[in-house]
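Letters A, B, C and D mark the chains as written, and numbering starts fresh at 1 in each.
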Amino acid sequence: MIVILKDGTKQEQVIKLQQYFEGMGLRIHMSQGENSTIMGLIGDTTRVDDELIASLDAVEAVRRIQEPYKNANRKFHPADTVVDAGGVKIGGGYFQIIAGPCSVESETQMITVARAVKAAGATLLRGGAFKPRTSPYAFQGLHEEGLRLLLKAKEETGLPIVTEIMDAAHLPLFEQVDVIQVGARNMQNFELLKELGKLRKPILLKRGLANTLQELLMSAEYIMAGGNEQVILCERGIRTFETATRNTLDLSAIPVLRQMTHLPVIVDPSHATGVSRLVKPMALASVVSGADGLMIEVHNDPRHALCDGAQSLTPEAFADVAEQVRQVLPFRCRTL
Amino acid sequence: MIVILKDGTKQEQVIKLQQYFEGMGLRIHMSQGENSTIMGLIGDTTRVDDELIASLDAVEAVRRIQEPYKNANRKFHPADTVVDAGGVKIGGGYFQIIAGPCSVESETQMITVARAVKAAGATLLRGGAFKPRTSPYAFQGLHEEGLRLLLKAKEETGLPIVTEIMDAAHLPLFEQVDVIQVGARNMQNFELLKELGKLRKPILLKRGLANTLQELLMSAEYIMAGGNEQVILCERGIRTFETATRNTLDLSAIPVLRQMTHLPVIVDPSHATGVSRLVKPMALASVVSGADGLMIEVHNDPRHALCDGAQSLTPEAFADVAEQVRQVLPFRCRTL
Amino acid sequence: MIVILKDGTKQEQVIKLQQYFEGMGLRIHMSQGENSTIMGLIGDTTRVDDELIASLDAVEAVRRIQEPYKNANRKFHPADTVVDAGGVKIGGGYFQIIAGPCSVESETQMITVARAVKAAGATLLRGGAFKPRTSPYAFQGLHEEGLRLLLKAKEETGLPIVTEIMDAAHLPLFEQVDVIQVGARNMQNFELLKELGKLRKPILLKRGLANTLQELLMSAEYIMAGGNEQVILCERGIRTFETATRNTLDLSAIPVLRQMTHLPVIVDPSHATGVSRLVKPMALASVVSGADGLMIEVHNDPRHALCDGAQSLTPEAFADVAEQVRQVLPFRCRTL
Amino acid sequence: MIVILKDGTKQEQVIKLQQYFEGMGLRIHMSQGENSTIMGLIGDTTRVDDELIASLDAVEAVRRIQEPYKNANRKFHPADTVVDAGGVKIGGGYFQIIAGPCSVESETQMITVARAVKAAGATLLRGGAFKPRTSPYAFQGLHEEGLRLLLKAKEETGLPIVTEIMDAAHLPLFEQVDVIQVGARNMQNFELLKELGKLRKPILLKRGLANTLQELLMSAEYIMAGGNEQVILCERGIRTFETATRNTLDLSAIPVLRQMTHLPVIVDPSHATGVSRLVKPMALASVVSGADGLMIEVHNDPRHALCDGAQSLTPEAFADVAEQVRQVLPFRCRTL
């Protein structure tokens, strides 16, 4: 870590800073330039608070060399992590497709969709029982009953299940869930992350709408610091000025994360774009960019034409996407 | 609510949509243009899911006329809400200054700062016992002990206290807290908001780093829908491309919110800018923009020069800000 | 176009508005809701100024149904435009790779790179003679001499050339240039666009760093309104909070633009990411997303190792990318 | 300037870099850390291209200590610049209000507004003759005739005039204009900036919609590098996710710029917010934040009720704002 001091910083301030850093067990390498002084901090700087240091009167700028994440860092763990999600492997070359409806609505719906997506090639089943909604007046999910229906669908089809948690207090209900999802809005719900760190179960962590990749890894680090190393990262679009899509899918995040971390990275093109016709091109683009998996919304309700055209695909459209995905899979670009 | 249908939408799709909206208790007013059809939905559209409707194949665009928030809406509640924060009033002309350290560190620190800010004119005391930190390796606050020290400082000075909650599971510890703060990263932690809606105690709700004012009001609506109408909104800067400040303080949010809602609006210039020398000009600008209060970080540790220049002010600098604030208070621009 | 009036708008204001719109040759369809009035404007609303109307006291909101662009609109021109770029076709199924160095530096450099990229499969040659640089102290390009060297390289290899213009006053120098490029920072340099509209030569228009796709099409419309319909659009990354890449490549822009417009859309993964190792995955992702072409930076200066690792590829790395691109080309997702 | 090299960079690459920097006349101070090497560059690094260096294979990160702007830098020019705008001083304690209509429309309009704003306290007159419009179909201004009418209004009232230029080719028409404005969309039209650098006349440079303050200063530097030191900076709102206002006014930019540069800084609350009722609170907030002036849109057309409520104020509303501005002027926060 490099700390650049301002012109004219008094010697006593420099000494105070030195003592502060030495008190944290760091060694200091001073370098005197023409009109600035540079402190190089040597040792484990993970615990140094960049923002605090940067805001000091004497400090012009702070520059980390060592990344602030350790457990998630590929430098200290060169081999890809392979997550075992209820018997299905993700990462390290293993590619999976998670599919299912946005919300769990009924037993018939879940079992029909589960069978359809399995037949089309999905290897995990998704469905929301707890739904984060901007409005308190919108449908909030079936909760406990929704989890029961998901487990029923798992029993019927053998597909491991992925579903979202919104509060650590609900954890007892998630015991038989294979992969616990943390939504974008909870990416920095640190108390929840700490609780998930105590589990030994895969966590699917979605990137927040205005968060950087380093912040995503710092949130993964919260889970991993607790001892749970089974984290799957998910790119799901970020907020930009563009209004033609719900969010902007950041596909360069995939090869960038591959270099930063050993954790598997999947993409959710349904939520990122919010438009069903964009799911296929973005799914294929995710695959060639090197993704370890996809998460795709599929609905199945022939009588309920209302949902046509939403971000969800019909099972037939999903089968077409899954088939195309298989065809471009050999072209995945996975070099570091 | 206006739903604009695409060119060439089939009559059967139009009828399905009509039936769907009628099933929600809405009346429909159809208007046929040259190459588009417009549905006007009449009645309580709060429960209509804009995103779902907008994503339908047949729909070109959706436009709300009625805002999706009711309890927070000034249209249905023209008079300013005055929040009683431990005996101190905020809103409806009452202006308050909340001051105190970023983190609660020790009894001496808390009591010294509390006395100093009280002497300088602060009317509420702030201090963090639970600290949301990007890194799991950073100091996370004194927790229960921190709350105890805050209450001690309240006892000594009589200042009501404001402190942040990060998980509803901690609520039992907050019983004697006067104002419970929800941080920017938890603005859309909906499960937490629902729990706070069950209380009858003021909630200080900070705007998320990339959230719109309507989203802020929807989060206030979560609390209010539970019956807790004592919500104070706080502008604390949003994420932009600018790097010279930590965030960008959005001061036009104050007069805009004044028109949208009857809730009091305060500003936190310390966190918004991250630079102590910017606190004074931004505090004054907040006041003339019509803010109902300020939240300012003040530290007090003469031996601990490390923190000089951080976003925190010394008690002396705070006294100067508070004095200037009093002078510009007559120029607050509070017309709707 | 829908104009939604505010509650309590006076009848005389409504009549003034009606007269104003009728004066523009529009017919008006009024629709009276419970607490709002909706005006539907029928006819050619291209000349209506949305922002002006939206800012009127009486107006709650304005919603376009008809897009504000006509010449670029696929609705009025369903077939793909095929641009002839010096004998090479782009769009409508034709896919091309534009390659070459960032800046034209010398005759040897240009001819060596031109031969190398041609051998690897590039079909157009790029190179900057006028360079937009943030700093006035940075190298600004070889100007007239640079254009001469580009033409020399064209003569040697037969590759048509693409190069950037920064001021309409330089147009006389661009007579023999095959495709004139407008950079991201000039996307809304309207005087330049108008001058380019007078030409009958392909224009490659890059998206601005913080511009929406509709704004990009409005800039294309400036060129097309002058009678020049040979416009190629280029996605080159937008500004976001992410710092791991120079900009964020917005690949969903490709299928979205395909629906909005009949103009060809290409992608510049070199400038978008600013990192050479990301060029390959993003090039492949662009192709499967449906792009009509790629623009890739290639340098060739074995003695000048300084540039290794910049956003430019070596000719060998470029040949590998071009080969992979050919392999995924059959998987381009080009459905509307 | 600090260049941080990656782990495992080969000695020969280090030597090449050293030679490259030495070739630019810089001295190098090497500092060897545990797992990284830091190069400190000493001398005039203004000409070093950060982006190029940062993108090299061997380089982990680049950090400027010296700012890349010289002429605009307060470090090298501690005293405030006072710009003489047609006899009226701005900066260094002098505060001015520029007012007038968005577009010049007719002689009657210009003279009526000019007299009204002068009576209310404006000291410069604004009006657009060349209008940058997103759509080619929108009114583009009266051009030469508009400039003639502005000069007529100046003759009548004695107010110096401020008006926007969109292309250097129009410069001959601007000979008698007192202050030439560069709009937000042209902030990085570098060819235009270079031409303006050749003049000896005040330039009002507006910040681009998604540009940082450093980028704004680099654009000022383009003008100043040509020898024209009379640059006035203007904050006019940046693009954010918020939709309640047209742009987000960044008021912390004022005290931040005051430290970075000696140039005067003014604020345009009319364009920033796009809503007339927000002009007053944002004008007052700008003043206490330390602005050197305001630029406010005022229209005057009692028969043309259409424009009521737009971003323009009536002369009466403007007189009220001007009066309030005078009252808060003593509270301007101008400390560095």
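The criterion applied here is as follows: a contact is a pair of C-beta atoms (placed from the backbone, for glycine too) under 8 Å apart; a residue touches a chain by one contact, two chains touch by 3 or more.
In this text the structure is predicted, and so the values were computed from the model without any measurement.
**Student:** Provide the labels of all chains in contact with subunit A and in contact with subunit B.
**Tutor:** In this structure, the chains that contact subunit B and also subunit A are C, D.
**Student:** Of the other chains, whose C-alpha centre is the longest way from the centre of subunit D?
**Tutor:** Result for the farthest chain: A.
**Student:** Let me have the rounded angstrom distance from the C-alpha centre of subunit B over to the C-alpha centre of subunit D, please.
**Tutor:** Taking the average C-alpha coordinate of subunit B and of subunit D, the gap between them is 31 Å.
**Student:** Counting only Cα atoms for the centres, state how far subunit A is from subunit D in Å.
**Tutor:** Chain centroid spacing, subunit A to subunit D, equals 39 Å.
**Student:** Would you please write down the residue numbers of subunit C that are in contact with two or more other chains?
**Tutor:** Touching at least two other chains: 210, 239, 241.
**Student:** Please output the residues of subunit C touching subunit B within their complex, sorted ascending.
**Tutor:** Contact set of subunit C toward subunit B: 2, 4, 29, 31, 33-36, 38, 40, 42-43, 60-61, 63, 65, 239, 241.
**Student:** Show which residues of subunit B lie in contact with subunit D when the two form their complex.
**Tutor:** So the residues of subunit B touching subunit D come out as 210-214, 238, 240-245, 248-256, 259-260, 272-273, 277-278, 280-282, 284-290, 324, 327-328, 331, 333, 335-336.
**Student:** Mind pulling up the subunit D residues that touch subunit C in the complex?
**Tutor:** Residues in contact with subunit C: 13, 16-17, 20, 46-47, 49, 51-52, 55-59, 68, 132-139, 166-169, 185-186, 188-194, 209-210, 215, 218, 221-222, 225, 239, 246, 274-276, 305-311.
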